[in-house]
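This report refers to the structure that appears directly beneath it.
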Amino acid sequence: VSQHISLFFLFMHLQLIGSGAAAQVVTSRGTHGNYLTIQLGSALGAVFGIFVARGVSGAHLNPVYSLSLCVLGRHPWKKLPLYSLSHLVGAFLGAATVYLQYYDAIQTFSGGELLVAGPNATAGIFCSYPADHLSFWGGLVDQVVATALFLLCCVALEDQRNGPLPDGLHPVLVGALILTMGVSMGSNCGFPLNPARDLGPRLFTFVAGWGEEVFKAGGGWWWVPIVAPFVGGLLGTVTYELLIEAHHQTTPQSPQQEQEAVELEEVVVDSGNNR
Amino acid sequence: VSQHISLFFLFMHLQLIGSGAAAQVVTSRGTHGNYLTIQLGSALGAVFGIFVARGVSGAHLNPVYSLSLCVLGRHPWKKLPLYSLSHLVGAFLGAATVYLQYYDAIQTFSGGELLVAGPNATAGIFCSYPADHLSFWGGLVDQVVATALFLLCCVALEDQRNGPLPDGLHPVLVGALILTMGVSMGSNCGFPLNPARDLGPRLFTFVAGWGEEVFKAGGGWWWVPIVAPFVGGLLGTVTYELLIEAHHQTTPQSPQQEQEAVELEEVVVDSGNNR
Amino acid sequence: VSQHISLFFLFMHLQLIGSGAAAQVVTSRGTHGNYLTIQLGSALGAVFGIFVARGVSGAHLNPVYSLSLCVLGRHPWKKLPLYSLSHLVGAFLGAATVYLQYYDAIQTFSGGELLVAGPNATAGIFCSYPADHLSFWGGLVDQVVATALFLLCCVALEDQRNGPLPDGLHPVLVGALILTMGVSMGSNCGFPLNPARDLGPRLFTFVAGWGEEVFKAGGGWWWVPIVAPFVGGLLGTVTYELLIEAHHQTTPQSPQQEQEAVELEEVVVDSGNNR
Amino acid sequence: VSQHISLFFLFMHLQLIGSGAAAQVVTSRGTHGNYLTIQLGSALGAVFGIFVARGVSGAHLNPVYSLSLCVLGRHPWKKLPLYSLSHLVGAFLGAATVYLQYYDAIQTFSGGELLVAGPNATAGIFCSYPADHLSFWGGLVDQVVATALFLLCCVALEDQRNGPLPDGLHPVLVGALILTMGVSMGSNCGFPLNPARDLGPRLFTFVAGWGEEVFKAGGGWWWVPIVAPFVGGLLGTVTYELLIEAHHQTTPQSPQQEQEAVELEEVVVDSGNNR
């Protein structure tokens, strides 16, 4: 239970801080931030989400990451549905909190109309929509490439055999990685990368008054940031395992190091089983 | 005494650097900085305030934090009033120093009139005022939510059982947390979050020539950033204790770890009692 | 083989993230980033490229760096050609991936015409071109000075005798160094600094439709960012060796430290020989 | 000798990177950077200057810092003149390198006229000039306050008894401190803070063609950033010693800690004496 609470918190932070940054820029029409501050908000939301949750549930920042661990046999499959549900509920309630906090600002900005497109649109505060230039296939490619890169780097940062990290640097680097995505792969469709963080807030905007347009917009865009990240995430994880980690395993290590590595993985799996 | 001096310094830094950044942007009409540099100033003010004071008084960055520790029984109640006074005096004198340093710039910018509202307003350099769109309840909600998130993260960063941090990273992360607040929750009323850092400079502007308008503006806004942060701070601290830390305590630890954790807390409480 | 794969990945990341950031800013006409986000992209591409590759091939971020190690006798000459080829192929394929990911955006932006110069030019997304004001000699000087500084700092960061770095901080500092170059030496010709990262993507644009103009532009600029960095890199490395490191060697050290330093270098050379 | 060479390098970096960032923004008329990138350049110049020099000469980033150490009896007075000369020559040659690297850009920007004031002024790339609004006394106050804060924080970061820092974090924090100054105290006269970094480049511009106007401008401003920083620096250092460090010395420590602290200081003084 505690793990689900902590994942719930992680996603609430992720959504609250990331979407808050977008709400601030949109509703102030750019006077209180710009594209870079939105990216910083997404990154810092991840940093502090992980710092809050890391002691209890580890850094399961993304259902795609959890799925990848299951595929690799490092996480039990039966935990995946409840994990994903915690992600989804956390992101949903994070979006609700952003709406509560920016209620006056959103009402004033939009003149009371909750719109998905046009100059007074506010739905983009909460979840991703494709840019006008983006084709359907372009969107799929963008999200597969971006999530593959994202997961490849996530797995590399976690890989103790690839090189150690000081305690406390890991969450900061994950934040830097999200900033990287925003800076280099954000203009096509806003780097969703995360099915739960995209679907949860979309469901919230659906019930909160933006209506079914949130699912219809962009030619039914909504399912692309759910499906494509899983494909890209698996691609990135498997690429890392085959091309980088395979070479660690053939590298002779001292018995002590091997032992440590094994114990480390056991702890991770364990914490997945026993709580 | 030394603790109060060090807290006084911490708040002087906080105010001096944070308000200096605002003074620079306001009086240069945006040519020497922008919204992001003001947020960076607030964050870096906290970083170096803590680096200067950490050896003597620890990171009592915020009266809300001190109060939360008292409520949790980790800090003696009787020290709270003097601590808060040190905070207040430090912030007051920090504001005075900013005015001294930017005296020429403020006079030139404002044509010699010290105003709270309008295009030549300069009171916002020193303390928070609500945006035009913000209702009274919206302001309360904003500050309760923001301070709850802020304190929840502060307590998580301090919690040795949630995961260790390298020496020297803690002040940097507190700065990053303040940047997070500015980036994602700053456009409603400028993320005061801190009663002493808001009231001290407001008192300074009151006596320095901005007059009683500093208390009347925003429909008597001044008490919201004093009361709401205490409510939000307690909410955030208690949420962390119940939902995250509770699970650490039930997690079996090695006796040695437990011992260390206990000693650590004793040192903290101790340093509160003996100096 | 694994080393070449990992170098290939390093350069793919470098190119993918760095050029992605440029593609985003160019094709969004500055609404989704600015000059600083391009520099951040270049820096963060290096950070995560090194994090992915560091366990297998070390931080051979730049053929200039590999060459300098060869000249200093710390890396076998015979490995240089294959290393450089891995760099080149990685950068080529990274550029191809950026084109794939931004295909819709580049087509919409340029109206379907792939141009090297003018307001709708897109070749600058992938490799360097000189600014209008830059003379031939000015470009040579710029790249010799910039690469000399870059390599001098790279070698200083690697030098364990100059002062230790915590694990995990080295890649971040290399990223900060690239940001430094972009912030202070980027406006003349876009701080290429790296022959492989410039030539690989230039070859890609040549075959992908920008045509031979990519070699003709800027008065045949293309070979300057290949030759000048080697000159500058050697200059910087030799300067460091003569003026800084020489003094470490004459400084008496404890025998244990000396031993460690020697072992360290052996490991580096070793990893170059045996995989 | 090696110490002087390393200090020379430190200042050359400081000047080269800091002024390079300014040259880039000025000559590109803001298209290749903005006020924040200039501040980043100053900060990063210090970071990598220290990383290059730290092994040989330590972090004598500023003659004001060296002087403060002399006054506190921690550095031999007789070394001060030569140290300051190394600083000055390094900064002079750094400025010359920036002029060389940006020669084409400066000529194009200024139409060949090297001016100290007006829309095509380029002297501000190299050293500080006061803003139009700044009075003589305002400038003195600005530099005394800013350097006092700067040195107080520098000394706090160096003070092992105030709290430890991981190896490698110190140079980064000094950079962050310079960024702090730029963000919060830069609009009056560009945060010189450093007599050598201001006078050296001013001498260069004097001989390189900007002429005696560099000493006449701002009502003979040139000596303020030389004298005021020494006053402010001493003020900041003494304040720290009296109000913060005094309390460390009265705090009972374990004998081992005391011993370590003493040894540490001896090493520092030693390295000042023997090389």
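Remarks
Going by the order they are written in, the chains are A, B, C and D; count residues from 1 in each one.
Criterion: a contact is a pair of C-beta atoms (placed from the backbone, for glycine too) under 8 Å apart; a residue touches a chain by one contact, two chains touch by 3 or more.
It should be emphasised that the depicted structure is a prediction, and the values quoted were computed from it without experimental measurement.
Homomeric contact chain A/chain C: same residue numbering on both sides for under half of the interface positions. Inter-chain spacing, taken between the CA centroids of chain A and chain D, is 41 Å. Centre-to-centre spacing of chain B and chain D amounts to 29 Å, using the average Cα coordinate of each chain. Touching of two or more other chains is recorded for residues 36, 166, 169 of chain A.
Interchain contacts close the chains into one ring where each touches exactly two others, per the touch definition above. By the definition given earlier, chain contacts exist for A-B, A-C, B-D, C-D. Across the complex, chain A meets chain B through its residues 2, 5-6, 9, 13, 16-18, 20-21, 23-24, 27-28, 31-34, 36-37, 40-41, 44-45, 47-48, 51-56, 97, 100-105, 107-109, 166-169, 172, 275. If you check the complex, the residues on chain A that touch chain C are 35-36, 39, 131-135, 138, 141-142, 145-146, 149, 152-153, 156-157, 159, 161-166, 169, 173, 176-177, 179-180, 183-188, 240, 243-244, 246-248.
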